[in-house]
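Just so it is clear, A, B and C label the chains in written order, and each chain counts residues from 1 on its own.
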Amino acid sequence: MLSRLLGPIRSTTGTARWLLVAGVAITGVFVLMALLAPWITPTDFAQRSVDGVKLPKLASPSGEHWFGTNDQFYDIFSRVVWGARTALTVIVLSVLFSLVIGVVLGLVSGYVGGWTDRLLVFLTDALYAFPSLLLAIVFSFVLSNALGGGVVAAALSLTVVYIPQYFRVVRNTTVSAREATYVEAARAIGAKDTTIMSRYLFGNVVQSVPVIGTLNAADALATLAGLGFLGFGIQPNEAAEWGYDIERALDDAQAGVWWPAIFPGAAIALLVIGLTLIGEGLNETVNPALRRRRLQEVVMPARGLATSGVAAAGTADGTEGER
Amino acid sequence: MPTKPEATATAVASDSLFDVEELEVHYDLRGGSLARLFGRDTGVVRAVDGVSFQLRRGEVLGLVGESGSGKTTLGRALLGLVRPTSGAVRYHAGQGPVDIATSSNRELRGLRRELQMVFQDPNAALNPSMDIETAVGHPLKIHGIAKGAELRHRVADALERVGLAPAERYMSKYPSDLSGGQKQRAVLARAVILGPELLVADEPISMLDMSVRAKILELMLGLKADLGLTYVYITHDLASAKFFCDRVAIMYLGRIVEIGPTDEIFASPKHPYTKALLAAIPEPDPERMVPRDLPRGEIPDAAKPPMGCHFHPRCPEAVAQCGWESRDLRVLLEEHWTRRDPAAYEREGDLVGSLDKLDTPAKEATLGTGSSAAEVHQLLDRIRGEDPSEPLWSGVEEVVEGPDGVSVRFKAGVDPALRQSDGVEVACIHHPVSVTLEPARGDG
Amino acid sequence: MSVPTTASSGPVVRAEDVRVWYGTERGPVRAVDGVTFDLRPGEILGLVGESGCGKSTLGRGLLGLLPDGAKMDGALEFRGENLLTLSKRELAERRGVDLGMIFQEPLTRLNPLMRISEHFRETLRTHEPGLSKAEMDRRALDVLRRMGIPPTRYRSYPHEFSGGMRQRLMIALALVLRPAFVVADEPTTALDVLVEAQIIRILHDLRREFETSLLLITHNLGIVAEACDRVAVMYAGEIVEIGDARQVFSDPQHPYTRELLRSTISLSTTGLHYIPGAPPDLVEPPPACKFHPRCPDAMQVCATRWPAPVQLPAGSRAQCWAAEERNRLIRLTEDERRPLERRELSVADEA
C-alpha cells in the first residue's frame, strides 16, 4: 500500500520534484528546530535571565544573542526556535483533527445521503461562508475560556476552520464512488454499510486529502499567527508564538529596532513557503490532470533494418516484394 | 453442453429455484431542479414492468435484451440488490422458501452466501485499492467463515479454480496489474468462494477482448458443472446466449416478450422483436449481407412507453389492434418529411403546425387549425396513398375535420400478455395463432 | 470544393510501409509497424484485430490526428499527394473537406450548447466560406435527410437525440463537406443491436450517396463481413492479411485470421475456441513473425525470419510462411518446416 502511494512521488520529474524537494528541505529545518529546541537554544521560551543575570532589553543581534533580545528581555533566537515547536504542534494537531472529522463526516454524508447529507452540507457550507480568521477568533474566544489559552485550544479553533474543506472533497468523491460497481459488488458479497465505507470507499476517496492537508497546513500557520497577532491566540506564558512576538515588536520597529519583528516574520514566511511548496508538489504528482507524462523522443531506425532485414513489402495489389 | 448434476439430485423439492411473480421495479424519475423545487410529479420509469417466470435449479437462463430492457434491473432484483416496487421473488432456499422482495437487509446479507453476481466491467468490479487476495477472500471474512491461514488457503484454491494459477503470483497484485480477462477471473473467484447456488452474470464477457470471451464462457461452464451452479446470464448478445443458455427470456421495455427453450426460440422465433434481433446480429458469414428490413427507430422512453404492445411502433408485423396512438403519427409525419425536399417540408410543416402536442400519449390527435383542416386532411390522404401498407393506417378509426383542425382517432389496442404457443411463451397478438384478433379492452 | 472524378480509377488513399511509433520511458511503442494498403474510390475497407493491435492508431494517423510524441513515416498518399509532407496547418485544412472522421462516442464530439443547425453552419462556414445561410441549411438538411433524421429536429440540441440519432448526426456532420475518405473508428460499439444494424446499413450505403471511401475500424468481424468490400486483419501493428472480404472470411490464409474467426461466438457457434495468450507488448514485440508465439501452425522458420507480405493465388495478400508454403510459392527446408516447440501459454499471458 505504501509503495503504491509513494509510486507517483518517486516517478516525479521536473518542476514537481523540485517543488517537493525544496518544500521538504525548508520544512525539515523547522521540524528539526522544533524537535531539538531544548538543546539548541540558549534559553527557555519564557526565560528572562541566565544564571541570575537578567538579559538585556532590546539588545541588537550579537555573538551572544544571535537574533538580539526583545522588549520583554527574551532571547529572540530562542523564541523563534521554540515558536517553531508551537507552530508545528498546532498545525499538526489542527490538520489531524480537521482531517479526521472532515473525512469521517464526508464519507458518512456522501454514502448515507438523504437528510443527513443535506444537513451536514448545509452546516459546513455555513462554516465555509464565514471568513476563516473571524471564525477562528470566535472559537478561540470560546475555547480559551473552556480550555485555557494553550496549544490545544488554538489547534481546536483552527480545526473548525478547515473541516469544511475535507468534508466537501471527501463527500463529493464519495457520492460518485458510491455508484461504482465495486461498491455494488461489495454489497453483493454481503458487506455491511460500515464495511463498505471503511474497506471500499475510504481508500478511494482520501487520495486527494494529503494535498489539501499540506496546503491547509500553510494556511493554518498564517491563521495561527494572525490569531496571535490579534491577541486571541496562545497566551505568551503558555508557549512562544511568532504572531504574538510580531505584535509586541511593532512599536519598536517604528523606532528603528528591526530585529524583534524581522526574525519571527521571516520564520512565518519561510515555513508557509515550505509547506506550500510541498502541497503544490504533491498536487502536481498526485493530480493526474496536472501530471504530464514525459514524452520521449522516438527514433525510428531507417527502413530495412527495422524488423528482420527482409526487404519491405510491395504495394497492395500486383507487384510483390521478391526475396 | 455440460450436464446438470444438481438437477436430478433435488427431486424431492420442486425443481424450481426461483419463482418470480408479477415483479415490478419502478424508479422515480428525477426531474430538473426546478421541477423538484415545485414538487412536480416527474413520472416513473418502469424498469421492470410485471415480470413472472420460473428459474429452475441447475439451468442457465438467459435474459436477453437491449439497453433499457430491464434485464440488468431484473437480475439485480433476484439478488435483492434493488428493491422491487411490487411482486414477489420467491427463492427456494435449502431451509425453506424466502421472498427476496420483502426480506430485510440483514436477512439478505445472510442470503448472499447463496446468491452471487458477476459484473459487466471487470475493471470496475474490483476495489482498485484492494489486492486480489483480500478482495477474493473478503466474502469469507465478511461472513465469518474463515480467517488466517485457512482464509489464505481457500483464496488460493478459488484463484486456482478460475485459472489464476499459481495463486501466489496473483494474490499480492492489484486490479490495475491484471488484464481484463484476469480481472474477470478474479471476480468469478470472489463470486464462487462462498459456494453459492445462483450466479447472476451481467454481461460477463461483453467488455472483454474477442479472444478471451470464449475462455471466460468455458470457465463459467466448468464452474457450473463442478459446483452445481444455476446461472442467470444477462446479455444483449444473442449469439453467446444461444450457445450458453438452456432457456432464454427476450426482454423489451421492462417486460418479457418471449421465453422458452433456447433451441425452440432460435429455431423458430415468434415475437417480431426476437426475429428482428436475430436478423440484426452481424454474423461473420461472408454470404450474409446488410439486413434491409430492420425495425425503424430506437427503444422508446421507458417513462412513457408506447400504448398497447410496447413494440408496435417499430414492429414490421404490427396490425390494427396493436395500440396505435398520437406519437406514432408524429413519427409517420417526420418520416414522410425525410423523403420530401426542404421546400415541401416547409409548406407541409406550416400546414400541420407544431408536432409537440402529439408527444402526449393519446388515442386521438389533432393536426393543423380549423381553417387548414381540409388541406391537412388532403395531406394525410396523400401520405396514406404513398404507402398504403403502413400498418398505422389500419389502426386509424376515423379522420374528422373539426373546428380545431383535423382529428385522427385511433382504434382501441391490445396489450398482449405472455401466452403459450408451441412450447414457448410469447407476448404478441399473432400468437398463438388461434387467438382471435378482436380488439379487447384495456390499452397501455 | 469539387466532386472527385471517380473516372480516374487510381486509389483515393495509398499507404505504403506506414509506421507510427510512440515514445515511452520503456522505449518506442511500435503501434503501427509497416502497413501497406490502398483504398479505391467508393470502397469500404474493414480493419479488424484485437484491442491493442494498432487499428485505432493507424486510423488516426491517416488523418494526422496523432498525439504529441508520436512519429510517423512511410508514404501516405491522398489522391497522389503525400500527406506526410504537409504541415500541421495544411493537414488540418484537409480534414473535413477531404478527410473525415467518425468517432465512437458521438456525444463527446458535439457541443451541448449548440443546436444541430449551428453545428452544420459552423462546419460549412469554416471549410466553405461564402455560402449563404439558406444554402448551408439546404446542404445540411439534405445530408440529414439521407441519414434518416427528420427536418423537424434540425433546431434541436444534441442531448435531445437518442444514441443512434447522435451517431447519425456525427456521420451527417462528417459527410456534409463530402470528403472522399472517411475513417470510422468503432462507430457502433456503444449502440444497441438493432440501431447498430441501422448505422451499418447507412455506412454501407454511403458510397452510393456520397462516393466516399471508408476505412471501418471495428473489432466485430460480423460487421466487416456484412458491410465491407475488403478486409485488413491487423496484428501487433502489421496487416497480416488483406483481401476481398468474402474471400478472406471463407478461406482465411493467415492462421491469425482463421483463429480470430473461429474464436468469434456467433449464432452458428457449437464449440468454444480461443487464441491462447494475448497480443504482444509492442515495445518489445517477438522477433520474426509477431504471431508465432500464439500460432498453432508455427514452424521453426516463423521464429527466425520475418515473412514478407505476399500476393497469394486466391487473391488476398498475407504475410505467413505457412501460407506461402501451402500455395507453393516457396519451398522451405526440412529444418525450417519443423513445428516450433511452443512455450505453454497460461492465464498469465491472457488478455
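Quick notes
Assume contacts are C-beta pairs under 8 Å (C-beta built on N, C-alpha and C of every residue); 3 or more make two chains touch, one makes a residue touch a chain.
Computed from a predicted structure; not experimentally measured.
Graph distance from chain B to chain C, where chains that touch are one step apart, equals 1. Compared with chain B, the chain whose C-alpha mean position is the greatest distance off is A.
Counting C-beta pairs in contact across A-B and across A-C gives the higher total for A-C.
Once the centre of each chain is set as its mean CA position, chain B and chain C turn out to be 32 Å apart. For this pair, chain A with chain C, the centres built from the Cα atoms lie 50 Å apart.
For chain A, no residue reaches two or more other chains under the stated contact definition.
On chain A, the positions that touch chain B within their shared complex are 1, 4, 180-182, 184-192, 195, 199-200, 203-204. Residue ranges of chain C in contact with chain B, taken from their complex: 50-51, 137-138, 141-142, 144-145, 148-153, 162-165, 192-198, 200-201, 204, 219-227, 245-247, 249-250, 259-261, 263-270, 272-275, 278, 346-348, 350-351. Of all residues in chain C, only 14, 16-17, 19, 21-25, 27-28, 33-34, 36-38, 68-71, 73-74, 242, 287-288, 305-306, 308-311, 317, 319 touch chain A in the complex they form. Remark: chain A residues 294-300, 303, 306-318, 320-321, 323 touch chain C in the complex.
For chain B in complex with chain A, the residues that touch the partner chain are 79, 81, 109-110, 112-113, 116-117, 119-121, 124-130, 138-139, 142-143, 174, 187, 190, 194.
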